[in-house]
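Two complexes come next, and they have one chain in common, chain A, joined by chain B in the first and chain C in the second.
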Partner chain A sequence: MEDEDKAKETTSGQKVGVYVCHCGGNISDHVDVGKVCENIKNVPGVVSVRNNMFMCSDPGQEMIMEDLKNGTIDRVVVASCAPSLHETTFRNAISRAGGNPYIYEHANIREQVSWVHHGDNATEKASRLVAAAAAKAKGLQPLEAFRVDARKHATVIGGGIAGLRAAKDLADRGIEVVLIEKSPFLGGWTAKWDHVFPTGDNASDLIMELAPQVLNDPTITVYNCARVTSFEGFVGNFKLGFKTQSPEKGEYEDEIKKMIESGKKPGEFIPFVGVSPSSGIPDASEEHTVQTGAIILATGFRPYTPRTGEFGYGKFQEVITLPELIRIIAENRENEPDDTLKVNGRDIKSIAMIHCVGSRQIPGIHEEDEDKPLNQYCSRTCCSAVLHAANMIRETHPKTHIYDFYRDIRTYGRGQEELYEDASKNKVVFFRFEAQDSPVVAKNSGPGDHPLLVTVKDTLTFGEEIQAPADLVVLAVGMEPNNVSDLVEMMKISEGVDKFLLEVHPKLRPVEVAVSGILLAGTCQAPFDIGEACAAASGAAVKTSALLGRGYVELDPFVAEVDLNKCKGTGACVEACLNKGALTLVEMEINGETVKRAQVNPATCSGCGACTAVCPERAINVKGWTLKQYEDMVDMIVADRIAA
Partner chain B sequence: MTLVNPEFAEELEKFGIDKTLDCFNCGTCAAICPLIYEHFPRKMIRYAQIGAKDRILENYEDLWRCLHCGLCIETCPREADPGDLILGLRRFVIDNWRRA
Partner chain C sequence: MSAQENQAKILVLATEDCAYPGADATGQAHMSYPENTYILRVRAPVMFPEKFYLDCFTKGIYGIIIMSCGVECPYEGAYNALAARIEKVYAIMRDQGLDSRRLRLTGICTVCTRAFVKEVKQMNDLMAELGPPGSGKKAA
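Now for the complex of A and B:
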């Protein structure tokens, strides 16, 4: 009996309460809140209109809860800031008062009104928006978020340091993991470093701590030489197709050669290559399918490749990149200790290191490719990596001088400013340039037997032109995201203008993307160092555990609903549907006749409304956003009586 | 046009200066210096860093403007002792006087 009463009450929708927020003057400095309240009182169905300095404050929320509890209202409209900020706040307030959170409608009169309009016009627009929201609220029905089973299984794409970290963390939470790696080896770019800043840890030690844990964990299955081929489904129930095959001719040739030469077995570390999983390199290609609850993208980065001629790269053999130098430093360590660094038997008496190559590029200054945006971002890791390498060289080869050409030194993290200080102690000579006056690397026809001459307008010497003869020029290349446009396309996730994958909220939800159940780990998202990549990976693993841990996921109820009294089975909606499988025509018995009618799969429906727009019978609607509600809103927006 | 001479910092050690390259060119010394003379002593320190001997010898007079007040030594964030470097450069100039 009580339930029946409640149902009657919540479906009636005749008692709309409207709450207008001042936002501490943000709204009320431009919108006459009192007048808006007066105007709204005339809207049919509105029984209570109140206002507060801050609706989101406890007293503001209390107003709503009080009116709901004593039965004054059964629908709620708050007119305040953007719904992205406080829609959830007010839905929760309704829940706490015992109401259904979906009897709520939000009117944005800050971003859409007071911040962009002034005076009477602002008040009028605010009135119309609130009136429209009230009209829509009248048609709101209580809804239930629905649950679907979620597989306790996750797939990690990418076997670099972030992928390994995420896989192990997931396995530790009892979640079964499939790890898919494109190359034949685990370890990613971390495996291609030597001693890493700021601690000087051996990169191989880092890999060898993590990779065996992953390879020996029975809950983790590793596939190398694997590429994702198909993707479907939704959070908790994804289906991922991938293919394993031996590398094509020329692909990973150097690495495979190094593996064979090293005589290392699977599971062992091959310097500057990585770790080969026990399965080795597949001979034949094989298709695989995995049913998985969540997907962590750990697809990583690649170092920027300088253009031919950029600081002499590709033109002079003495111009190399920082990853190349790091390898040289490591290989030199195997030789007899020497005061001077040697490269191919050549004494290196001076090295010029140039920062920000392929990072912080500026339109109009740096050359632009047609198919690729400029890398306008800072790659964050290169300053410390350069200085760390410089210190290593100065400490082991004191007769090798180092010139460091920078735009800004950004050694931002713990233990990293010390690298800059140490570089000074190690007598590294610094030069600073402006982007438009970058150093010029040319053949040295002047003094000494140094093959190259670096000329720069040095701002530290008050703009005087300085020349530095160099035996080696090292370019501190930035990070670019690996090309994952196929995954971006398949999974319908977003990438930024810089092509790094985009999180759903940069501060509060930094490892999730807009598609529920897909998460980000490591440098596919932004330039990170190893520690930061692992932090992101552990974050993604925790988020995944939280998502799958309950065994079910809750989905928004804003999905399409078919009115079987009106549906004639035209199939127009099925054709218009953007999410394959969300709408189907099924046979059913109506009045003793077998007919075809549209059926919604609420788990895959994204609530886009494409079906609503095409149905000739008006038989399909998105819950919470029906055609009737839109019409009511439009009526209110154009209604005479709302005019201020 | 100046050619960098990385050996110069070592050469200065003979004149009692071993912190030439500790300076990171912030300019605090020039800001605090009561002489308020151009970029003194920062510019001299910079010439020492890159080994611009000629520039130092050309502008040697500036080195004798220093009052030894010690403010730059007190305020240098890198503790690079700029005032001491000026004294060392004087010794260098005297040593090179006849050759210059």
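Now for the complex of A and C:
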């Protein structure tokens, strides 16, 4: 009975249901959805045309399921956003209605129509794309996905707080983990901080809560001083090569020196360095290979390094970055409490803090490097971090005054607006500037013993020019993603123009990249604070568990298929095949005669279609993507009228 | 179905790993381009025989841009096989009196939005200059 049903589904394909999405207005503001439906209804094979405000919503999906269940349709076309977003959604809806998920075709009328074209021509183009999709849908056949065993093993790349969090969460779900860290130490930039906003926790406590849990977990293996060298395979079955070796001369020199000076043993926290795993620093280099089911990238960020002369950085020794100030605050805590902050024995009576350094850069205003785009994004964390530091200083060293120069204050998160209010109560003095009138840091040639003078056109006093003498200028530098171009290249993942890694969709598929089985944790994808980085890491760990937990993964069945009614055994396809062994000529008996015919090995066929192009008999095609389907689509695109 | 009926139609064969997401990124950036472009998602354009391209021109497609992954091609050897085939198509096009600039092979990555728009605009300008594919001299 089941076979009979399947046969019915296979041979029909003449009842195409078309569903057009308004996407709120994203589509229907520019494309006349009613007219598209009208244009499409007489296209051959189309038996039902419906539309919905959001096809991806439950009611939208139910429209498809209802039509499938009652037999109105046997092929589905949804015209909506890019297929990368919702192709899977609608295939799943078809499965839930008892259909085969591969009787589905997607028409992209948002990213490729309504967001780039307007007016009648947009409606016309959308109609043709939907008609072409319907034409392709008519030729779709039900297919069975391949089921491949998945290893219950994940690899986390990066041993900062996000990587540690992800590794621990995975291990708690019973998944074996390899953690690869390029530096000798765990803890990342969190380990290089002092008290963190908004809770005031000591960063070292956070690391010392998490790192021992990771180091002591028998299901987690940590490799430090390790770099990924090769990548192959697919979800559930990746093969990752990496190399461990002692740092090159000059690399991590300060950190290693600090470790030796501190006398701390592996597993102990070294302030402003991190934690060394028990293996210590490797002496010799060694190549490793790991078979792994999924990969979590937790490759993190680095603070922006100001250009020489940017707000006097590199020109005046009194100009430092916020991470440098944080270290000074921590070091001061070890000294006797004093009303005034001290740096190298020098009393700091006045600090100027400048926001948005290396963030929210504007073309034409900020200087641009040839090989590096401007950081046009907001780094999000610096406003809260700088005000948290300002409050700590004002509360500990009341005779140190603080002048805060900002473009906008973005203390956006829970418990963070309070930092701004506290700063006001702590008598931090605020000046606001426009990007084109940034503060100027110069040598103070006037009276007083303050070495620097900061001049700004202050918009809070309607453009008055104000000067503040300063003993220290602190630049609230933004975040830049670590350079992972080698991983991007190897794994074929997407990065934005800002070089942060791109997730598929921030709401519908957060922390996933387009390559199945690779996930993102933490600041490799955007500026995050520690809490957000850990939330993303836990999210990535949960998604990885869900992916690997079943013990198998399903792969699309888009491999070549020989039509034995047409194959004459010319062998042209075997010669053209790019994956040697995927196609062979085999002897078989047809109508009592022994003949040679092409045979596909679906396990090794990559589905590129190189065979399709060369077959003189048109006897071989990639399932779901046949030459005939493309010809049918072109016919719809060029047709005088799309309806019959 | 009138506004565009006589427009020069450009077919874009865009690889699902690179150029098609590149076209989506162009949309996400709301970068406008001529609407006579019809983008078809392909796994690898190496699947199309020479005849497919020639038939497209016969059917009335003005120009074709193959937006491949170039050196990023996930199918080893497919790009070279494709490039060799396109050379053959060019030879046939010349024999038939078709301007070979009507078919263009290019590489577009997932974030190559500017390159995407540039390719489409260039082809569109060229089509305005060349007119329909049947207008040139044609071999018997």
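The rule is short, and it goes like this: the second predicted complex is superposed on the first by the 447 of 644 C-alpha atoms of A that agree within 3 Å, B and C clash if a C-alpha of one lies under 4 Å from a C-alpha of the other, contacts with A are read in each partner's own complex, and residues count from 1 in each chain.
The rule we apply is simple: a residue touches a chain if its C-beta (ideal position, glycine included) is under 8 Å from a C-beta of that chain, and two chains touch if they have at least 3 such contacts.
All of these numbers come straight from a predicted model, not from anything done at the bench.
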For this session: May I ask you to decide whether A:125 touches chain B, chain C, both, or neither, giving the answer as first, second, both or neither?
Result: second
Exercise. Can A:622 be said to touch chain B (first), chain C (second), both, or neither?
Worked result: second
Problem set entry | First, second, both or neither for A:483, with chain B first and chain C second | neither
Exercise. Who does A:88 touch here: chain B (first), chain C (second), both, or neither?
Worked result: neither
Exercise. So, does A:461 touch the first partner chain B, the second partner chain C, both, or neither?
Worked result: first
Exercise. More chain A residues touched by chain B or by chain C?
Worked result: C
Exercise. With the two structures laid over each other on chain A, which partner does A:492 touch: chain B (first), chain C (second), both, or neither?
Worked result: second
For this session: Could you say whether A:424 touches chain B, chain C, both of them, or neither, answering first, second, both or neither?
Result: first
Exercise. After superposition on the shared chain, which partner residues are touched by A:289: those of chain B (first), chain C (second), both, or neither?
Worked result: neither
Seminar exercise, completed: The answer for chain A against chain C in the complex is residues 39, 82-84, 108, 110-113, 115-118, 120-122, 124-125, 127-129, 132, 492, 494-497, 514, 558, 576, 578-579, 606-610, 612-614, 622, 625, 627, 630-631, 633-635, 637-638, 640-642
Problem set entry | Contacting residues of chain A [partner chain B, same complex] | 350, 401, 403, 420-421, 424-425, 427-432, 446-447, 458, 460-462, 464-469
Seminar exercise, completed: Interface with chain A, chain C side, in the complex: residues 1, 3-5, 9, 11, 17, 21, 23-24, 26-28, 30-33, 35-36, 38-44, 46-49, 52, 55-56, 59-61, 72, 74-78, 81, 85, 110-111
For this session: Can you check the complex and tell me which residues of chain B touch chain A?
Result: 1-4, 6, 9, 21-25, 39, 43, 46-47, 49-50, 52, 78
